[in-house]
Amino acid sequence: MVQITDMLGDRDVKRADGRAVDALRPVTITRNFTDVPEGSVLIQCGNTKVMCTATFTAGVPRWRKDSGLGWVTAEYAMLPRATAERTDRESVRGKIGGRTHEISRLIGRCLRGVVDMKALGENQVQIDCDVLQADGGTRTASITGAYVALVDALRWAEKHRHIRSAKRVLKDSVSAVSVGVINGVPMLDLPYIEDSAAMTDMNVAMTGSGDFIEIQGTAEHRPFSRAELGTLLDLAEKGNRELQAAQQAALAE
Amino acid sequence: MVQITDMLGDRDVKRADGRAVDALRPVTITRNFTDVPEGSVLIQCGNTKVMCTATFTAGVPRWRKDSGLGWVTAEYAMLPRATAERTDRESVRGKIGGRTHEISRLIGRCLRGVVDMKALGENQVQIDCDVLQADGGTRTASITGAYVALVDALRWAEKHRHIRSAKRVLKDSVSAVSVGVINGVPMLDLPYIEDSAAMTDMNVAMTGSGDFIEIQGTAEHRPFSRAELGTLLDLAEKGNRELQAAQQAALAE
Amino acid sequence: MVQITDMLGDRDVKRADGRAVDALRPVTITRNFTDVPEGSVLIQCGNTKVMCTATFTAGVPRWRKDSGLGWVTAEYAMLPRATAERTDRESVRGKIGGRTHEISRLIGRCLRGVVDMKALGENQVQIDCDVLQADGGTRTASITGAYVALVDALRWAEKHRHIRSAKRVLKDSVSAVSVGVINGVPMLDLPYIEDSAAMTDMNVAMTGSGDFIEIQGTAEHRPFSRAELGTLLDLAEKGNRELQAAQQAALAE
Amino acid sequence: MVQITDMLGDRDVKRADGRAVDALRPVTITRNFTDVPEGSVLIQCGNTKVMCTATFTAGVPRWRKDSGLGWVTAEYAMLPRATAERTDRESVRGKIGGRTHEISRLIGRCLRGVVDMKALGENQVQIDCDVLQADGGTRTASITGAYVALVDALRWAEKHRHIRSAKRVLKDSVSAVSVGVINGVPMLDLPYIEDSAAMTDMNVAMTGSGDFIEIQGTAEHRPFSRAELGTLLDLAEKGNRELQAAQQAALAE
Amino acid sequence: MVQITDMLGDRDVKRADGRAVDALRPVTITRNFTDVPEGSVLIQCGNTKVMCTATFTAGVPRWRKDSGLGWVTAEYAMLPRATAERTDRESVRGKIGGRTHEISRLIGRCLRGVVDMKALGENQVQIDCDVLQADGGTRTASITGAYVALVDALRWAEKHRHIRSAKRVLKDSVSAVSVGVINGVPMLDLPYIEDSAAMTDMNVAMTGSGDFIEIQGTAEHRPFSRAELGTLLDLAEKGNRELQAAQQAALAE
Amino acid sequence: MVQITDMLGDRDVKRADGRAVDALRPVTITRNFTDVPEGSVLIQCGNTKVMCTATFTAGVPRWRKDSGLGWVTAEYAMLPRATAERTDRESVRGKIGGRTHEISRLIGRCLRGVVDMKALGENQVQIDCDVLQADGGTRTASITGAYVALVDALRWAEKHRHIRSAKRVLKDSVSAVSVGVINGVPMLDLPYIEDSAAMTDMNVAMTGSGDFIEIQGTAEHRPFSRAELGTLLDLAEKGNRELQAAQQAALAE
């Protein structure tokens, strides 16, 4: 990524954890984390830990019946003590917050973006991403982990003859990473401490082929220019390539 | 926008409403649409009509007290018959859907992106965007209209000496527009019929200075390349410039 | 209305807006306020503005199936900034308040009171009354406006051959008006300032033939005598006759 | 009630339970039905049985504080098997239905209509009306019974020196009864079988002095004329006089 | 119960109501308390009064269809003024509390424990236990009373030929009683004043044959030894034998 | 446990997993499973895996203020794919089910049973038990694991000087285990396959000193005799002794 370091020049950037501005946190992807689900993955990105399960069910929701098409949906949640201060359970509050809704919908869209619904047939995959520990980037870790759980569930479905071929259902792979501008410096893969200080904050989901599935950039604290956007996308491309390598490695085991 | 029409070349693109690919729908911004709120705006973008009110209140929510900072928040909703088929009221269903939450949060972030919370002081502005008629682009019309309502509410507050100066509170202006790729052609300002056919769909909020506040691009139906992203951003810049002219014209009356 | 002014004698009654005690506020009924609904009406009674839509759907709710009868139902709501102080959305609070329930049910009963369910056949009309601005009399304005929207929806249904004849479905017309006793003086059509000062407060819905569909009189602050009731009903008859003339004029356009 | 039987002339009216058209069902009012509440009454009107308790508490809700005024409120509910077919509990459904809300509010208004809030001081009385068995007229029986429970609670409060005098708090007494038109014949005090067949249905709450507190007349099935209204009010006056006699008798024990 | 008094020896135990440690409070079981339900029982245990109704319906919930088996379920609730201080209604709060859920489930299990689901066939009995007055032991009184209501509902069903024989459906009878350790002394059938002072608190449901259906012992305030457990179970056996005699006597009337 | 095997005699009992009737499943207790909570434990009992966190907070809920006493509370939940078939999230359904409530309350009582609230002072410990994988005994595993997390949280509080001494706060230790009768044979520590076949099912929480904190025995499918109860309690005592050894071993690390 020559241009990134070039852009940053010789500025003396120090990240709390000593990483370079364009470096990912260590990623670990554990398959078969629990025994029962068709796909069950624990993904760790630095101190962020998310358990992603994929549930394959024959049949689709009512509104989708007799369409010949499948469906993929996702739900995201945080355990109460995933965070430094305990968060009340949404079940106890009796309603789901806006942030949770937003992230669940994002994960669902990203996975649907790489699934051929016709090849899936009238079957459904439900993704559940439960954050065991949160240190920034929980939504992007969820997407990256969920893809692996999805593959496992589709392989299971192929083996049990619910679908003809997992490969045909998957048009591509998908991963996601966060980037942001902290104190004027674009950086890759923000932990909580950086995320909360970011002026601009962007989540980028990309396919294995290098195209975009989702870009969500927010600049509540300082608008960003088109040039900054360019650098952030360069960082995101680099990060996603590395995450996709980690996904492939895990799936090859 | 030379490069856009260049890119599209001599392809024979027909939009249902006869517009050029880089043309906005007609925009009308009516201030003082109702009498009571501090700011009350009806914005029409083609057949989309949104009523945006801004409520100025002295004081801030509890979690913000004694910070010396103000707060701006927003809520979005659709009237049941804003759409071709009647939508059940969220009050009747007893819960707010994910889409509503997502849009409310988006509007709030965009407006906060141009507000100097210190200059606002411990005062709150609550934005309400209620869609009377929906024909695509309701969230972007909400942002564009809400900015005008916000200015009116701040002017009211200045006049009633709740704040020193509306101008100081506003760091910049903000507007938003949708862009998307339909049958492979990037287009500006999608009505419902195009929106539902879009492979890629992006909402872009920009400041008067031409920087980005929010970019939300979704490619559930076909990933988009970095080159396409570039064209979409060009279209969004053009659209936002024109919307900001309409905002200034309305505010000058 | 000889007897009313007689009864009031030469007492020097001043209403804030200069009206006579038996005078309505100015009424405007705008049809086709929005484009999509089968019936869409904006009614203004003084500063009260209500948007009334009527949604015609083939088929009836499950409990009504195979009865050969139609159904008409209504929902009422206030936009958050219809009032001087912002009211929290019922969707956000997660439940519908008693007042909203009460008014929705009232509107539904009034409209059903003039509909021949057999002539309607197994079709449903859903009325939505959304208050854009509230200055007293929102429930009675809703009924008066909703009737016009209902007629438009039935005419649409006749034109599209869902029903044989809109006229046959409508047994009569219906309108409603508020009356009340303020400082001992019976008055017609109370704005908010009078309504909140009323000792007795009554909403009266009447048919075009001059019969009653609903009478709801409340005397939380001072009981009323049978003689006062008589005067209030006289006022309500006069008001409803005038409102019905406004309905007919609007429908004749 | 000479005029009523006159009006009905020699028409041969048969009521299922053999009553005259202007006759109440047998009324029984049992005080101290349970031991703990400050007021606890079981009222039976025919087969309708309602348990009414009155809870006296020092202090008022927050919005009423430092006003020097008291508050009276009411809640109505039906036990699941009060009706012929079991009704689901509103607690299980997670929300209160419109009918329940409507009736709770009605009962509260009727009682507040006879209470001097200044004399009550900053104290609250909460009325609970729980229908053990429902055979028509549950809301009017609730009002009639609740008044007796209210008196007991105020006497308790006087005895325990929370208020100076129960008599001063009570400006008047209040009772309520239903009337309706069945097959063209006005009748008093409708059991369920008549209520469900009524074309017009009216609940009338009156003070001991013979004035009106609430009139709620509904003519969903056939509008009623002003003459019919007159007869219905005559019947209601007769019924309420008799119910007030029963209240006084019970309170004298 | 020789061993119990032996165990307690000559200790001078005084209960507030003068009862012996192994004595029940007076029990009254009134059948046909209301007219409509298939079974309707008022049970009084001391000052605790619970209305228990049993609703027999042909058919079972969806998840049980085509199993050939019946279903018995129960719901428990307290009227707001059953207690010394008024409790908010769960319908108003919009959700059912944990305690209510816990007790409803307990009652259901106890009754199912004596019902032969095959003999019941695809029919459902819904038990409703509503506490009119609470003075300790409401859940055990509910079980004891509900059994009698269940028998009545099954006899009704036999008479109306929904089932062949009530006797075959009932494998046994069931009753329940509370026991506890107060100041170190094991006691039978605790009123509220003892219950709230208990170190250990146990509810024991037993069949007519003397076996256990449910044991729920809680020692939040002081753990109990196996020896104490033995004494508590002796007391519970004695209490249940006496309650079963009262059930049989009521059913024989 | 001589008497247990004696009682079972030479009957040929085969458990699916080959265990003896009085043998526990393998238990693993991992402390510091996540980094942030004051106590964080993963407990595995066979295939059942529960994550237990303990959150220590200075201060108590409002109703407990100025009492000088602390508070311990617990919440239990299952991840959607902890079970063979996916369970809908309670947050999505908008309410907490009865089973969840019941178990949360049970865990809270068991822990409070060994805590000296005075020694804890006005501090609160919130326990969260989230089931990652469910194979029977999730509530008992939760109690056993939660105790270890509680100890860690109290040690943390001692170290950070919120309390004087963790040891003084803990009056005893607590663990829990399930026992049941399957095909007439009493057994210890039931996995799901046995649990669902159990005629009698009992959860027993005991202190380190061998006393009982909770006994919950249910015999929905076949009542149990006092003799069977004795055997079940023998098994539970044996199981709890072994679980307490595992707790001590984990805490000693």
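Note that the chains are named A, B, C, D, E and F in the order they appear, and that numbering of residues resets to 1 at the start of each chain.
As a convention for this text, a contact is a pair of C-beta atoms (placed from the backbone, for glycine too) under 8 Å apart; a residue touches a chain by one contact, two chains touch by 3 or more.
Just so we're on the same page, UniProt names per chain: A, B, C, D, E, F = Ribonuclease PH.
This one's a predicted model, so the numbers in the text were calculated from it and none came from an experiment.
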item: Length of the shortest touching-chain route, subunit B (Ribonuclease PH) through to subunit F (Ribonuclease PH); value: 2
item: Between subunit E (Ribonuclease PH) and subunit F (Ribonuclease PH), the fewest steps along chains that touch one another; value: 1
item: Geometric centre distance via CA averages, subunit C (Ribonuclease PH)-subunit A (Ribonuclease PH), whole Å; value: 52
item: Distance from the mean Cα position of subunit C (Ribonuclease PH) to that of subunit B (Ribonuclease PH), given in whole angstrom; value: 34
item: Numbers and ranges of subunit C (Ribonuclease PH) residues touching at least 2 other chains; value: 94-96
item: Touch-based graph of the chains, sorted into line, ring, star, complete or other; value: ring
item: Complex contacts: residues of subunit A (Ribonuclease PH) adjacent to subunit B (Ribonuclease PH); value: 95-99, 101-102, 104-105, 109, 112-113, 172, 202, 206-207, 209, 211-221, 223-226, 229, 233
item: Residues of subunit D (Ribonuclease PH) defined as touching subunit E (Ribonuclease PH) within the complex; value: 34-37, 40, 47, 49, 51, 53, 55, 57, 75, 77, 79-84, 86, 89-92, 94-96, 100, 126, 128, 130, 132-133
